[in-house]
Amino acid sequence: MALQSFLAERKKDKDLLVMAHVVCGYPSFEANMQELEIMAEAGVDLVELQFPFSEPSADGPLFVNANEQSLKAGTTVEDCFEFMRQASERFPFQLLMMGYYNTVFKMGEETFVKRLKAAGGVGYILPDLPVEESANLHRLSEEAGIEPIILMTPTSSDKRLAQLGAVSRGLVYVVARKGVTGSKTNMGDDVLALIERCRQHTDAQIGVGFGISGKEDMDFLRGSADMAIVGTAALKTWEESGADGLRKFFAELMA
Amino acid sequence: MALQSFLAERKKDKDLLVMAHVVCGYPSFEANMQELEIMAEAGVDLVELQFPFSEPSADGPLFVNANEQSLKAGTTVEDCFEFMRQASERFPFQLLMMGYYNTVFKMGEETFVKRLKAAGGVGYILPDLPVEESANLHRLSEEAGIEPIILMTPTSSDKRLAQLGAVSRGLVYVVARKGVTGSKTNMGDDVLALIERCRQHTDAQIGVGFGISGKEDMDFLRGSADMAIVGTAALKTWEESGADGLRKFFAELMA
Amino acid sequence: MDIFDFSDGREGYYGEYGGVFLPEILHATIEELLVCFRECKADPKFWQDYVALMQSYSGRPTPVTHLENLSRKLGGAQIYVKREDLNHTGSHKVNNVMGQGLLCQRLGKRKVIAETGAGQHGFATATMAARFGFDCKIYMGAVDVARQRPNVFWMENLGAEVVAVQDGQKTLKDAINEAMRDWVTNMADTHYILGTACGPHPFPEMVSWFQSIIGFEAREQMLAQTGRLPDRVYACVGGGSNAMGIFQAFFDDDNVELIGSEAGGQGVGSYMHAARLAYDDATVGVAQGFKTYFLQNEEGNMNETHSVAAGLDYIGVNPIFAHLHDKGKVRFEAATDIEVKEALRLTMRTEGLIPALESTHAFVTAIKEAPTMGKDEIILINQSGRGDKDIFTIADALDDAKWKTFINGKADQYRAENN
Amino acid sequence: MDIFDFSDGREGYYGEYGGVFLPEILHATIEELLVCFRECKADPKFWQDYVALMQSYSGRPTPVTHLENLSRKLGGAQIYVKREDLNHTGSHKVNNVMGQGLLCQRLGKRKVIAETGAGQHGFATATMAARFGFDCKIYMGAVDVARQRPNVFWMENLGAEVVAVQDGQKTLKDAINEAMRDWVTNMADTHYILGTACGPHPFPEMVSWFQSIIGFEAREQMLAQTGRLPDRVYACVGGGSNAMGIFQAFFDDDNVELIGSEAGGQGVGSYMHAARLAYDDATVGVAQGFKTYFLQNEEGNMNETHSVAAGLDYIGVNPIFAHLHDKGKVRFEAATDIEVKEALRLTMRTEGLIPALESTHAFVTAIKEAPTMGKDEIILINQSGRGDKDIFTIADALDDAKWKTFINGKADQYRAENN
């Protein structure tokens, strides 16, 4: 099912969807699979699988380290797609590729879309690929029924939001604050205002990410955003307290 | 007796006089006295007592070290004059003060001449005091019956030699080669020619120094110079083989 | 030829290279920068102020020195050297930095960040920040912090905070990533002083513009001193800023050949080098904000690079050069570490010049080619910096025994003081 | 006022100071030098060649930089700085050295010798010798060789032989003695490149002449930049060459006050300093070829001296200053080691300049006096050199912990390589 309709479907039962994140191959693909199981159990709706890159300049320290370790362990693009294929067959949530544009560029945009599709992915997040550079990839994606996730940010002007909104489909990723992944965001009126502004420029569902770490953030976003995006907080929990901790984390988050 | 007549007297019995050298207070005044005894025994005619100076820039390594050690041991100008007084009373040879001009300058030229005279010195060698700067000191010396020893060198032009000759009295110190005290001079025709050139410009006795180290040099100079000046070679002998060595050194030299 | 006269919709592109590949959050910042830069570039007063600043603060114009001894020794072309080493802080890096300082003032920002590898750019930036009264933070790979302590020492004493980056290879590219992370957080009051003609548009154009002062001076000086233009111009290429600086002035002079000299490290086939264009190991990719040739594997992850000259040891090359290489407008050669050491010795002894190890790469290629040229031909080398700041690296490179003894003695002294 | 217009029979004398006090063997050499120097000084072409050489090789004219931040901070006079630090080799020493190089060529000599303390003069001389193709031997006290290894490293790499002098205090004055010993032996083919405006005539005049390029440039630049002359000009005084260099141009400007800043070391009464004129400890004497104020005991033996700046740590002062001090034409102050460290920090942080420790002495005095002056008054400081070459000394002076850790690590690395 394409992302747009999948999300619409899921939204029927829930007021706030959840997207989670794993870095492929970190600490290992086995661990990844365990994480996904926990996420599935908890009822996560969407998972971004980050393909590791040597220069993860939009990521914070935890993900940077994860990228680095995964590459050191020998993770390849093929490994990531294969993992995505297995996961997409196994779990009820849908999967996005998340990564840096060079990974796509090196295999060629057409190949990328084909492989992503074949692995069961429904979309991708490429934080360093601006819309100006996306025309071809967007066209190929549309042909394949795959969604590019557009990012909207606190620094985007209305004019820019309009431009971003115009090409958005399925899901928009609203970046709750300036900075890289990882640190805590103080959820406040400015986040609500930002979501409001974004809504004026897109009909896609709105996911809010960057610094979402617990139930209070969920409560805060409920009624305003369509989806909460949880990244670093989950990885941190996994690193600190393993599978049990992660299970508890998602149970509390989604309670 | 003034230097001039003393040398003339000594020359009656000898074809080549000898001037020796000690650095006052190195290794000690007691050692100096022992050295002088040996020199007197050997029949040395004249001794230069070097007053140590902190910047002995016309001296070679052995004398540099001697100056430095002597000063470190606390040798004062007063010590040097007192030593000269004792020596002048005790030995048949005559004594010259040898040193750098600053020693003289600091006590004042008049005081210097008075103290030198009082200590029984008959002249002085100040290698860094050019004749241009000597007028007053020469006048004072003449009044006191003391001789400034003028240096003539291989680089002196005839014009310069004439200038130097004009103020020379008693003894002229012919520098056998370029350089500082200490290294060996190859006695050859150029030394003889230099002595010849010097003689044309002075009636004073001619002593030849810098690098005289043994009997062959004496033999070479005999008949040409009036006096051989022995410095470093004697100090080196003393340092290497003490009183006995020095006794032997002078015995051989003056045999 | 105006390389910066972009065709519609291709702003920031040189052939297929360049562009802006940054997180969306920086879009507005880059726009703001671009607008400000366009204003500055269009404003003759800005350039005048810049030149005046460089004259009074950095000693520009730097001279062109005729190396008669070296020319005679090599027996070919007459060699001239543009002396960027005489700049304040000791390299051409200060040209770019002071220019961006003025621009930062116009932007109304009070904080600057920069990445640095060898430390010359960080040193220059710290200096500029002290002079302009900006807060300054310098990102530097932990490996570089350890091996370039003298520059770190000066940066800190100039009031900058030096952050040792612990990620990745802990060298320049990682410092760039970390600087970008700072920038996406603090762009409101912070300007990112990129140190070479790389990164997202408008940095390649902007850095090249400030560095163009080198070539415009040099071209005039060559005409005045030799009555004509040089036949060949040599510059080392790390990111490409000093080379762009001197080459630009000669872009319209078709008889002037332009030669970029990259870090050959341990040579062809060693995979221990940073020759993106001279060797065949690099491929086109997108990283650190722009598209160009990178030394990367087939999946687009960056390879380790190596050079005796930390300032040339970068994975990518400026997009303008990638394009000019395609067009055959600039020829690229590489100088190996060993060749660099030899050329450094030769240059020191015959001319009393101590080029930075980076700059020495340009000398290597020039020294190779000069003997094959006619005595009436003329060569111009850009000496991008001085080597005396790199004493630790050069002493190590030359394996100087007395230096090691000295350092050991110094260490003993410090240990004794601690007891 | 032409201080070099000697009255009859007083050639080489400035009041009662100066003269030639050398072994007779050097008489002809000094005569030859004097004749050659007189020819050069009378020959406008020589000066033109000199200026052209300094322009193309050393980057002259060096600029004058307005220190707006520091002036504002101090709240008094406007401070301008003459940037001799931007010279090739990093200090004003090269002015004298290149000049003497040209003169040496005219003398037809192919070997040069020089003394050096801090090493800047030795570094400059080795550089000049490489450029002119002369054999070069540098005498340096063993203590200085040990503590100034970076300069020794460069001198050796530039092809010079560095001789560690083991006599006396093993510092500058001993190196001078040793250089003189070489000269009295090898004067036929050797020229002695004395490094400061000291020593026997014509060195004080000759060195001052070559250094006068500083002041003539600066005076013109101040007129151009400020429309008038400075009220006060500050320079540090070791032997006195950079100070003579800048002061001379203002000798006829009676409203310009000239201030020399000596090494106060550990302060008045400490006897650990090198303030010959600012403090009362020095007396007139004759040593190292000339008559001037020396730090010596009553019997004329030289005292130990001390300064954080090796280049100011000399027993005597140039005879011209001894005279101008008597006449009240130049005022002398001293800066202590502690004051120097503070001023260095301040200058680095407020202006991005790193003056050599020597030059910082001039900054200290200027920084003390600027606040007492009106905002419409103008100060000119001669920054005789850059401090980045002195990193070991400055790191020690500032007691930098990270630096020490770095050096210890380096030493460990070298030891490991040896095993």
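In order of appearance the chains are A, B, C and D, and numbering begins at 1 in each one.
Note that a contact is a pair of C-beta atoms (placed from the backbone, for glycine too) under 8 Å apart; a residue touches a chain by one contact, two chains touch by 3 or more.
None of these values were measured; they are calculated from a predicted model.
Counted as hops between touching chains, the shortest connection from chain B to chain C is 2. Taking each chain's centre as the mean of its C-alpha atoms, the one that lies farthest from the centre of chain B is A.
Between the Cα centres of chain A and chain C there is a gap of 38 Å.
Spacing of chain C relative to chain D, judged by their CA centroids, is 33 angstrom. A separation of 98 Å divides the Cα centre of chain A from that of chain B. Shared interface positions of chain B, defined as residues touching 2 or more other chains, are absent. Contacts with at least two other chains are made by no residue of chain D.
Taken as a graph of touching chains, this assembly forms an open line, each chain in contact only with its neighbours along the path.
Interfaces, counted as pairs of touching chains, are A-C, B-D, C-D. Taken in their complex, chain D has these residues touching chain B: 19-29, 167-168, 173, 176-177, 180-181, 184-188, 283, 285-289, 291, 296, 298-302. Interface residues of chain C facing chain D in the complex, by the touch rule stated above, are 55-59, 62-66, 69, 83, 85-88, 90, 126-131, 133, 146, 149-150, 152-154, 156-159, 225, 345, 348-352, 354, 388-389, 391-392, 395, 398, 400, 402-404, 406-412, 414-415. Interface residues of chain B facing chain D in the complex, by the touch rule stated above, are 52-61, 64-65, 68, 71, 76-77, 100-103, 105-107, 127-130, 132-133, 151-157, 160, 164, 175, 178-180.
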